[in-house]
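Here the chain labels run A, B, C, D and E in written order, and each chain numbers its own residues starting at 1.
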């Protein structure tokens, strides 16, 4: 039935290609209908992991390559929330893509992306995983840069990184395949664990080949530059998919492979170096997550483009998730998975509101915007709620997962990791407020006076996302039950919940009481507000300007909006050790071009030169043979 | 060079300089015809009377004359030189010394506002200190400040009587 | 059960407001005494608040009203989770430290959103300074929190207080003196007192965020500051001075507040980036030293 | 020139109770116009300590109740005083220090200094003296507090009632179209 | 089994290459008919031989009734005939392009005769069983190559052809030297005979032979230090010549390499051990080929001219094939064959479509690809599909080739495994510049003047040849198990040297 779904998707994607430009909203309706179908099916199939399906492609040269799918609780959970968010973004993009120029191509590749998204999460064997992984790499590449010259520069790092990681994974799979003889994930994971005993050298090679994919796809420390580039240029609604969903694939695969491995080593630490009873390798990964989150936070504080800011905040959140994941405590892992879901939700909300602002104002530089809240209240509310939950502030969904991450880290005694996470989450609050202020509050520039709210069809996903954030914030137990089912599948101890009261080794919280406390105090504030004398509405420019009438020194509302270099002095603190990793990759690229250029001129040298080189190289081979 | 040598030096280097008077051992004044004002000032600037302290004017209503006063100062000689010229009161106009000293534009703008002197070459005629002024320049002798104050600010006095 | 919570909620919030204002009044008299003059009666801040609520006010947009209210309610909601003496509003959630730390940010976010909707550039400059300072003093405070959680194996203030019962010698103040010093300096930043009050610098940015707050909005600002004093001093008494019975708890809070005021009245103002640098070097090294000592000992 | 009778605009009932609190915490706008500003620091600090009466300097007109005009007002500074006064919130009071705001003082015949402040903004209390000493200022504050207590300090209501008259006076001075001395009356 | 008619495959082309000059009857353009007739004859006849081979296994043709160890004989085994058929198809396609489209009307006659010689030479190389015979036709092969390259008589092609001339002449000199040496030691020149008693000769002479034989064909194989002629000759050659070069000449040298290494030296179990300097030939070859892969890919990445990029990418693929062959295992060999199949089909197609896309443009660099999608829609799609097939998108033959390659190096799990990183680097670079080219097709070209009047003169020959190639690719994509049977059969045949020797020598004694 899954294969029927995928096959049907492929047909639809080709069908959608032939819809004429005039009815292009029809193309996007087909698109969102298909995602709704996948969403509906994932819910109806449910979590029973006995559901198995196979589709035999070909069997040649003693390889029997077939796409087979199985519903694992983890896969099901990831499919559920990714398809839900994709569905919301597709509703948003029906209206947005009315007059895009290359939208026929975007639609086609986005279709393939959806198909491979479900395929990847429900894949049962490594070969299917690799096929869909490759498809995602290629299609997301083409959606980000459909024919715009400028965006090729932005995407080339993303493209190179994803190819490197997919082919390293390919070699890893091959080594595992040679060992187990089949591609199926369960057997290979067990073999992978046993590999560490008998041939550690190759085990490390396979581990590295899988870890590189994780590092690249979830944009951890050395590879943290591609999201900012890719997001700035990607079409706006796709960047919410890019940072909401595509960045999670690396994480999914790591959970498949490395969590069972590290848990196994945790129980039987035969000859592994253990650092406060977790393997050294997972300790390094946790630290890489922490470092990424700190670096990404400070980069986000400096960025002036709102999409770059959101991209860096995604990288920071991925940093939290990796740290929590590799702290290997039950709360840590549950918190990581819960934070992935929460992060997907509030990040899609942030990106959709940014896309709405860009749809209306065609402007991404934050200091040129301002005062959008007065004109676009719904977008402002979504952005506000998304910021509250992104900063982990209690009534909304961000805080539950952040609290669980803290419980996980503290209960397994990681003082400095918790400090790093705490530093980056306060930093998150800094740049998120900056975005809220410079885009939505402050002074509305004159040129945006006639900006209207986005059409209703674009507002539906915003309402749904707001509802999601609030409901998960108040009643997290529904999602935690799902996560518990995932934890049991990896036989990690579950989180005990007694109707909305979550107990952890350190302390318990009851999110309903938290919400009650907040509403109670809000009512108290409202009563006080009514006691005071009624307030009078005043024009935006009527502010305290030390007695000088603004009209005198021709002050326009645009000049009066303070948003450029919001944390200027704070940034100067880090001037001394500011290394630009993009500069580092550019230098590598230049070096490669240089070497290539050297060889190229070498080729087109004079005729006499060729003969000398020919003879010389021949002699060199003999010498080389002699040395060997 | 003390003051006497300075006075000698100026007397025999320049013609068209009327009464040179030394006010006290640190100050002395000269009066010059209107036409020669520019080259005298530029000469004085070269012989290190570097600083133009002030430009102001005095309204001699009886002689129908307005006296334009330039006060120069020299750090080297520690002497203050007051250069005076007399111009006609009806259409008072004099060459602007904007390109000798940058600051002169501001002083000339102020003197123009308060005395109505038209400085040729300095077209910056915007009001500087007075607010929304429509009358004749206030520091002219024929301007009756009390009457002005009573008419515009003194409304309460009339109600009292 | 429902009205029981409402009553407990009212007790919790009103005590924080009243006592907060009381501390402010006593504080003002204390500072006046240092300056050799007699400030108004100790109930002066009550009068100020009532006067403010009696004045008319202006607002630039409904977001400004919503923001100020949210700010105030955020702080009140945090106080709900604070152990006042040995009274807890929610008996089964006895003062979870991490929740308190995150709830405080609602107060900041609400106030920040409200004032930045006012359109005056002074307020976002002030808020930017406040947030940058926040990332400064959060580090030593977080380190102290981590240290105590490791020491007591639980992040509930209730357990932290239990371990400090009995005589004065087993107060955390004496067990971890350096951590206490670091936290006191962090408290100085949290309350926005003199060395770190770049955010509401009246001379430079016309009292920063509060520039457009008139009448009852300024009243909300006052109440928020008052309950913030109560909250922050309350947390530190619970963490380090073993919050005793109701009276003991209040006197310790007052002692802490007057300590910060005495520091405040003798120090000029930091530029906020130097403030952040200061926070990341001196108090953090104190608490770090204590943490390392603790880790070695364990 | 008695345009208003304090009786008609007197505060009654609930406002009277609030006045008790308003009296005890008067916040002064730190806006020093003329030469009287130098008198204020001693009144604020420990020598005469106006904080005893709950009074304190405030940075912005929004937060202040009391506007202190300390000395003569030229036309340009009058424009700013009016703009700040309108930014303050009711109930608000104005105290004029020195004789210049009353009758122009030593600048009675100047072409740019206004002779009587009361024409342009309602003045609740004037303290004479060519810059009254801090004791006189404190005395003035106490007198204003008494006025507020029995509800007579109602300058702001007067401004609202006779807003047109005040506006006309202000325009006559600030927005003149015709020369003054050329004889024809505007 | 004795089957003498295969020699016709060689004689007919040589004969017709002279016939072309004599005008047959009144038809003025008679040489065209003769030219096409010979090619078709060769193709059909080789198909017939293939059916016979299927029935009776290897076929031997004895020339002049001198039995193998003495006389020259042709061996048409399953592996060689299939190679021949594939090359004939590519030759046919390039011939169609050459005949119908070619504008240099006057010397078409001369070129067709050279092409026919070219045809004869490479069919003989593949079929021959005798080393000297191989040398002779190798000479003809390289000379005809030179002539074809220099057709366009402008700077690049002349320079390239001269370079090629020099290098191949040195190579053939080395080959001659090796033949002399072998004849001196073993006394025979028959491949089977040499293979039979290759073990006996001393270690030093074995190394001597290997190096000199290898040296001769390395220049053809476009391995790095010896492929200096590629950049000029490919850039300068005419379009149909490029197809020939990329399709046939590399593959022929590959065939020689396989034939030599696997049948003569019996590569996997070669014993090259001697006391004082143990030679691990596998490591030597691996490092040598990986160096050439990296360099070729780098040059392809950085060069701007389309033809040069495609040339160096084909050079890199051939070094990858060699890299796979040196693993010496069955799966390594099958991955090599898979990659060969994908190069034979998609590489000419790439050249063809890229030529068409950049037809109107002055200089043939990357920017001329701009806005290809709506300028030459058909050929851009052709280019994209062939690029995808060449780079090994999942489920294409090249992908399975790479799958096998990874498998070969993963299975042994010894220190050779770490050579995979070279392959990964080469794949990434390859993906990068191919996708850069595809991406350029979609980019809107600002400089292009919107003159709609460039009539899209779709030359039929290009259209037809493109269509045939695409259909072959699609067939291979849909029915992958066609080439599965072929590969298994080939690897069996290659890997048992004994059976090859028996068919020749036994027949000889009988």
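The rule is simple: contacts are C-beta pairs under 8 Å (C-beta built on N, C-alpha and C of every residue); 3 or more make two chains touch, one makes a residue touch a chain.
Bear in mind that the values here come from a model prediction, so they are computed numbers and not experimental data.
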Identify the chains in contact with chain A as well as chain E, in label order.
-> none
Supply the minimal count of touching-chain steps required to go from chain A to chain B.
-> 2
Return the chain whose centre of C-alpha atoms lies at maximal distance from the corresponding centre of chain B.
-> E
Between A-D and C-D, the pair joined by more C-beta contacts = C-D
So, in whole Å, the Cα centroid of chain A is separated from that of chain D by 61
Give, as an integer number of Å, the spacing between the C-alpha centres of chain E and chain C.
-> 80
Go ahead and note the Å separation of the Cα centroids belonging to chain B and chain D.
-> 40
When the C-alpha atoms of chain D and chain E are each averaged to a single point, how far apart are the two points in Å?
-> 101
Interface hub residues of chain B, defined as touching at least two other chains = none
Name the residues of chain C that each touch 2 or more other chains.
-> 54-58, 206, 211-212, 215
Where does chain A touch two or more other chains at once, residue-wise?
-> 542, 544
Inter-chain touch pairs (all) = A-C, A-D, A-E, B-D, C-D
Chain A residues touching chain D in their complex are 542, 544, 547-549
Where on chain C does chain D make contact in their complex?
-> 28, 32, 35-40, 44, 47-48, 50-51, 54-58, 202, 206-207, 210-215, 218
Chain D - residues contacting chain C, complex = 18, 21-22, 24-25, 45-46, 49, 51-54, 58-60, 62-63, 65, 89-91
Provide the residue numbers of chain E that touch chain A in the complex, in ascending order.
-> 159, 162-163, 166-167, 170, 207, 211, 215, 219, 225-232, 277, 279-280, 283-284, 288, 295, 298-299, 301-303, 308, 331, 334, 393-395, 400, 402-404, 406-407, 410-411, 413, 417-418, 420, 424, 427-428, 431-432, 435-436, 439, 442-444, 480-481, 483-484, 487-488
Which residues of chain B touch chain D in their complex?
-> 130-132, 134-136, 138, 143-149, 151-156, 159-160
